[in-house]
């Protein structure tokens, strides 16, 4: 009984991370039908710049957090202005743009490698890592903060999308970008917002997950792939379905690792997703895309 | 008026038989219990105001949509649920409302796509019969060139399709459809976006094809074009068939006049 | 006549490549250079499959490194643990690649093309995870030794191995040319455009996507086996991200959807690092930047330059240019 509690908590923590990356990918996809292969790199940038600002430069925590978020927003703008826009202007297909974002991810990893080297680095924690007893469960403030931020960001995204007029623009662009732009919605602004907002989310994920995962410049790809898996499992069409998909993946992962061996976790999840896609092509919770191929 | 002799449409010559086709999208009934028969050798037109359900009916016949109720038979075979890619082998070929050619390929290669269903399917079988594939490929090029010459595009055969103007793309689509050796040619607004001269040429081309025995079903807005070309017309309004007959009958049909003129009077 | 032309255009390029390739060992003195040329051949086999899949059919797999490694591991395990002979292990390993591609492809290829991209990338990572952590079976990060290939007691030398791989590469190129110059190539190209139009012309879209995905996976497996035999070992790095980066860079720099883009790209990606000092550290950045610049400014890659070059020469000769120069399409 105790073990399942521990497993579920671990699943929820990792699930928050996968879910937020999945949500970010799905947000951008919703605005422009492009899969951002560099999403995990935003998390990596968050983690690595936390080391830079907190350890190397000794900034106070609040200033460091601000600086980290500035870094990821700048990176998002570079991606949008330097990769996405030029390719769109040249009439590139979404698949080509996707490869473009992958190229950006490769470049980001390469630059990070020059700055931080290939080794795994310790990342300072914002919240205490002191063991905390929560009933029968052992946890710590950092873990709880991740789950809290996950809930908070979900709520914020929901509020933005369903309670503001800008959110209406986002949703309209998601349904049909061409018609939305005919109705006077500045699709380019919506897309830029998608990049910046999702980078902010990923940056925050980076700050929180760094102390638990450690910082390594190659960590982005794994996170991107986990985010994809979350998004496909839940349904690429909706950010919230993607977030739910992330939690599902992480819980399964934790269950397999807890009761079997972590070696089986990834193959099992992969096979599971293939099987689910066979029966529900648009994800467990999504039928948003069903009519559009 | 109609330069053609009425085809000897015996009951046994029914090529396309639509039996009570109905298509619902949620609460909207786009096509409501439409039945009609197209006989061999006929040019059959579907007319109707915007939103009358012509395109939906066309999509049911071509297999892009599966009817909610009713049957569609082609050559006495139920094709209501037949996969899209199995239809060309039965002798159905179509063109699209918005031209759909394959970019990045030459004009000739686009036409050759039409022969696809007659060729060896699959990578391994083709490789085992490489000699036959290559010989057939040579024949195809000749046949494809003949088709391009027929629609008047022979001199552009080696160009990329991106370089062709809209009117020529329409002809290319027809040549491609003809390559599949159809018994029935389905045309979705073939005159859309063509100028008068191009429309006249298109009409002549379709007459020539019909004279060679090809049956044609077309959806079109251009009433003059339809009246001069079709042996038989059906008029749809609000998803239902409101009239059917020869162009002469349709022109004086009261339901049709009301659907067109009545609407024009109240909306325009 | 035209069929003769088709046959000639299918065979002329590969024949020339075979000729040049056969002379190379006579010109090279060091074993290191021979090894580089062998690697070029291996990358060409790998990327020819990827080019058919992405360049021609518009479907992208980011798990080719997984199949590369799968072929190598399956072959090695069958030979060493299973004690199979070379001639039974080779086709069996390729069949395993085809089978796995089939299993992955069936659920994914009905969906939009980015699903394939994402899920195959996941396959690559899953495979890398298994390869490095299932130690008792795969040897973990250290990998496994590959027994040297023997035929009736004679151990195949480096040079002989090179000739064998060169021959395989040339045959792969002939097969590719055959595919792209017939109805198969047209069917593949119709997939990257309009699927409804392709279907209404009788192209079984899902089946063709599956076929080409399987073929490209088998070619990746073949390249993996060649790589295992040449390196005398397999290890998890076969399935890791840098291989995917190389594949993408080779395909995009060489020219997507062109016949000799894979070979051209492989030459550049294998030879260029030799000339650049301190390439090692910034290799990733250089590959990424090249990838991005080519995507933006030269979508037809280096191969795209060739017809332009011919066009310029023809114009300089002051003869009225017959027809329009086709950008990106090389039809020698």
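For reference, chains read A, B and C in written order, and residue numbers begin at 1 within each chain.
Note that in this section a residue touches a chain if its C-beta (ideal position, glycine included) is under 8 Å from a C-beta of that chain, and two chains touch if they have at least 3 such contacts.
If you're wondering where the values come from, they're calculated on a predicted model, not measured in any experiment.
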- Chain whose average C-alpha position is farthest from subunit A's own: B
- Looking at mean CA positions, which chain is nearest the middle of everything shown? C
- Geometric centre distance via CA averages, subunit C-subunit A, whole Å: 32
- Mind checking the centre-to-centre distance between subunit B and subunit C? Centres are C-alpha means, answer in whole Å. 41
- So how far apart, in whole Å, are subunit A and subunit B when each is placed at the average of its C-alpha atoms? 48
- Which residues, counting only subunit C, touch subunit A once they are in their complex? 58, 60, 62, 103-104, 106-108, 110-115, 117-119, 121-123, 125-126, 129-130, 133-134, 195, 241, 245, 248, 252, 281-289, 291-292, 295-296, 299
- Query: subunit C touches which residues of subunit A in the complex?
  - Reply: 35, 83, 86-87, 90, 92-96, 98-100, 102-107, 109-111, 113-114, 218, 221-222, 225, 228-229, 232, 263, 266-267, 270, 273-275, 277-278, 281, 289, 293
- In the complex of these two chains, what residues of subunit C are touching subunit B? 1-3, 6-7, 175, 178-179, 181-184, 186-187, 189-190, 192-194, 196-205, 207, 211-212, 215, 257, 323-324, 326, 328-329
- Of all residues in subunit B, those that touch subunit C in their complex: 62-64, 83-89, 93-94, 96, 100-105, 109, 112-117, 119-123, 126-127, 130, 133-135, 137-138, 140-142, 158-160, 163, 176, 180
